[in-house]
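Following this message is one structure expressed as structure tokens.
Which chain is which? They are A, B, C and D, in the order written, and residues in each are numbered from 1.
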Amino acid sequence: MRLSGVFAPIPTPFDESDRVDLVRLRKAIARWMTGPLTGLVVLGSNGEAVLIDDDEADRVITTAREAIPTDRPFIVGTGRESTQATVRATKRAADHGADAVLVRTPGFFKGQMTTDVFVRHYTTVADASPVPVLLYNFTALTGVNLPVAAVSRLATHPNIIGLKESGGDIATVSELVSSTPADFNVLAGSAATFYAALCVGAVGGVLALSAVLPEPCKRLFELTGAGCHDEALAMHRQLMPMARLLGSAYGVPGLKAALNLLGYDVGVPRPPLTPLPEAGVAALREALAQFEVIPA
Amino acid sequence: MRLSGVFAPIPTPFDESDRVDLVRLRKAIARWMTGPLTGLVVLGSNGEAVLIDDDEADRVITTAREAIPTDRPFIVGTGRESTQATVRATKRAADHGADAVLVRTPGFFKGQMTTDVFVRHYTTVADASPVPVLLYNFTALTGVNLPVAAVSRLATHPNIIGLKESGGDIATVSELVSSTPADFNVLAGSAATFYAALCVGAVGGVLALSAVLPEPCKRLFELTGAGCHDEALAMHRQLMPMARLLGSAYGVPGLKAALNLLGYDVGVPRPPLTPLPEAGVAALREALAQFEVIPA
Amino acid sequence: MRLSGVFAPIPTPFDESDRVDLVRLRKAIARWMTGPLTGLVVLGSNGEAVLIDDDEADRVITTAREAIPTDRPFIVGTGRESTQATVRATKRAADHGADAVLVRTPGFFKGQMTTDVFVRHYTTVADASPVPVLLYNFTALTGVNLPVAAVSRLATHPNIIGLKESGGDIATVSELVSSTPADFNVLAGSAATFYAALCVGAVGGVLALSAVLPEPCKRLFELTGAGCHDEALAMHRQLMPMARLLGSAYGVPGLKAALNLLGYDVGVPRPPLTPLPEAGVAALREALAQFEVIPA
Amino acid sequence: MRLSGVFAPIPTPFDESDRVDLVRLRKAIARWMTGPLTGLVVLGSNGEAVLIDDDEADRVITTAREAIPTDRPFIVGTGRESTQATVRATKRAADHGADAVLVRTPGFFKGQMTTDVFVRHYTTVADASPVPVLLYNFTALTGVNLPVAAVSRLATHPNIIGLKESGGDIATVSELVSSTPADFNVLAGSAATFYAALCVGAVGGVLALSAVLPEPCKRLFELTGAGCHDEALAMHRQLMPMARLLGSAYGVPGLKAALNLLGYDVGVPRPPLTPLPEAGVAALREALAQFEVIPA
């Protein structure tokens, strides 16, 4: 299974009563499916997965599956803190139609998360999973790091097909590519590092920005693949301000606010998260202006 | 509700098939109840709460409630990442007999966890909780800090009665005491800082070490309260090596290993956690030797 | 050599042309010498030692030596990045009258600063020093930590008499006391942790606050020594706000501003440091008001 | 002044008595000058500048100047903690023949190092410097970060011509390029990030690795410039293991050991640094083997 391209980690809409809103979800996916995105990720960190319970997750997956054509990879985030809960969530996601799962590192017991522990955890999950598994390292949020050495060992598992690396250290991305087999899918986890990651051998990205600006993100991917580095770099530079706003600056509230500006209607974040303050919305509006995507 | 004294955050026993073992739990609690502990905390971080699902949690709470006399405070950890899940867990804990709840800060979306967000989250939980609420700050595990300014604001809520602070910065503990009302219960979260925390005005501690060595921990508390600082300091020093081993060094696997050495029979940690390696067990055995508590 | 008591790490005055001002230095020391301070430290971090060249340092030491009676310990900061520069600075300080030297850890090459490297560095310095040596760990500024294990080994050197620990982790202070001989002088490095450090066995402190408020700091020390913990804790609490302002909040610019408010006339910080902004001066004035020390 | 290309930050040789060895320095430079390096940096962090006094620095600069042809840029590190010492060191370097200076951020008083403070410091230095100034950000060693906003403001100063950025976050490198004028020289500070930095618009690198392997590093630069990304990526990958060893892993002791293996004879590091342990030397020897550069 090759995961080359641009994947959007979409948010989960909530309604005014803090309930998952499947109608809004279906409509937003339908709109994304009119564009060039390679595939979608639901229930990732941008999907507020840690704020959603198992029943809600089932319904989100089922709804998304129906809305996504089978020729576009449909990936579901299923990482949990315990190995057994991760296995259960993975099986449920597969039962409900996931093409692959994206499994965030457990990270609560930081002192105990050694390379051996990670290898055992992911091996158990991959052994049990009916669908291919993507590793997921997001140190800035989890507080733990999945070492290159662990990835290198896990990459030989037949059911582990790739990794999303959300860190910005480009030498690490390069080492992840070098220390895994050629068909192992290393995916960039942030738009700000996407172009450089492609340069050092990543095959794609899971980019919040691509939910907001699918065409430019996909174009950046294609330009790089075609060896048009000057145009790719120009596109990268044009995208950087929005990439930064959606990344460390505004997070999930920023992603939802940007999508709402564009008419996607994805509602508000779930508490304790709060909607982006108006000053942030204004900054997003300004940064989006040059792309001529905001409806009049 | 005054929470002055020594509270043991007890582990959750699992059996050989990675299931919660209520029989072992009941027996272990019965043994603790023969000693001087002020009260117990179940489903805290040492209870591996993040690895346990809601149904298991209900059974742990019910079992513990039956085993703990009503004159000893029975506290249940109910912190979740979302506000609504925290409220639900809190209500269930109260329904199943908790005297108070200990609510860890949410921490996944680190960039968004401002003072205002924490105040809103805890206010919603405390408003909805049928039982008193304890705040819980454990920066080393959550990666976020509950600022003194947030605690100071929350301490005026009639249903928020105290805080467990697990950090070792003693000036912060002192400021927490100074910036909250006199009847607000500031509890130390680690045995290594317990004595100093009492010196600057904390009224007790939630100490993993006290599950292993209840008598010495309680004696340290009493000596300090009686103004016997020389004896208290001597007891503190005697406890430090074990405090360090159970704290940053060995974590939950260490706590379970130590208790098993003493005959408590609390089983193994839940994966991805693994049992303490033999070298660690040997170190615990040696550190425990001077207390003459290991059965022959 | 026993270093029990309260030591003020005094700032180095600069004049309007960014030159060391020895007249101001002499006058300020004379005023401190009318009070209860146990001794003084010059050219520590609060003395802006890293901003001062060797010739200036010689003149500061000579001037201070003349102004300090021989019955009060006169300590000079001589830590440098290279071992040989530290030895040279130490010998010069001794030649110019230092009673002891305070040697900050080297810290530029962070990856190489192992326990063995620290032990070798300090052993070389202590072997060569004509006067007793104090270790100095200030992780927040140097970015490296002098481990308890290194201190424990170095404490057996006949010419290493103690340690200034500027970190706030009280368990570490306790371990430093426990793992060194009874006559090894563990000194707290910040006023905010001073009282708790005394409780766990420190014998004194090197406190910027004590340059500003010598009497209350000395009183806190004496009350603790006399076992009057209630009064000591009350004094600690009264001092905390000023301790925080002079510590992490305002640094050297804050110390100079506070002293200038009290009429010490210690000039401005050396660039790149800048004088404390007026809002900070106002906060200091307000915090000092309750001590009735500001001249009318 | 355009600084496009590959610059080697060379080490400073010390003899068996811990003295600067100018004979070894001259010989090593002569050998480097037979190769393709664009220019040299002396007294940078790899030159152990923080371990060297001012008189030694003068002699190193004079000796290097004589050994380096005037058509290759000769850059001298002159960053100090105080602004006035930095100005003095900069003027001395210019007097002794430096073509440009590389000025590391001051970093001791971490809490006070704001954007405004950095702008004032560098402006004063650049105003006073007879030669062009390069900014230098090395957060991993200094513990402070020179923000993009500060660089953007400083880049308009007519005497500030560029920046060495040693961090590995590629999005930051990209932003540094985007937020400075087209003729501002952004240089990568580590070989592990060099190729990706070139991809996002850096014009060259100051690479410890290029002292050891000048030809491959220069070739990587030229391939990228020529748009031969496949060959460039292959060269990058071949260089990564050595880049990692010389970077975070072994530091200055590693650089000296590698050069000694190749016959450069640069002596040992200055204490407290110690020579690389034999296991490290063996790892370097193995990593160098594929380049066929070690003399038989």
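As a working rule, a residue touches a chain if its C-beta (ideal position, glycine included) is under 8 Å from a C-beta of that chain, and two chains touch if they have at least 3 such contacts.
Values in this document were obtained by computation on a predicted structure and should not be read as measured data.
Think of each touching pair as a link: the shortest run of links from chain B to chain D has 2 of them.
The chain with its Cα centroid farthest from the Cα centroid of chain D is B.
Centroids built from CA atoms put chain C at 37 Å from chain B. Here the spacing of chain A and chain C, counted between their Cα centres, is 50 Å.
Of all residues in chain B, none touches 2 or more other chains.
The touch graph of the protein chains shown is a ring with every node of degree two. Taken together, the chain A residues at the contact with chain D in this complex read 168-172, 174-175, 178, 190, 192-193, 195-197, 199-201, 227, 229, 233, 236-237, 240, 243-244. Against chain C, the residues of chain D that register as touching in their complex are 18, 45, 50-53, 81-85, 106, 108-113, 117-118, 120-121, 124, 140-141, 143, 248-249, 251-253, 270-274.
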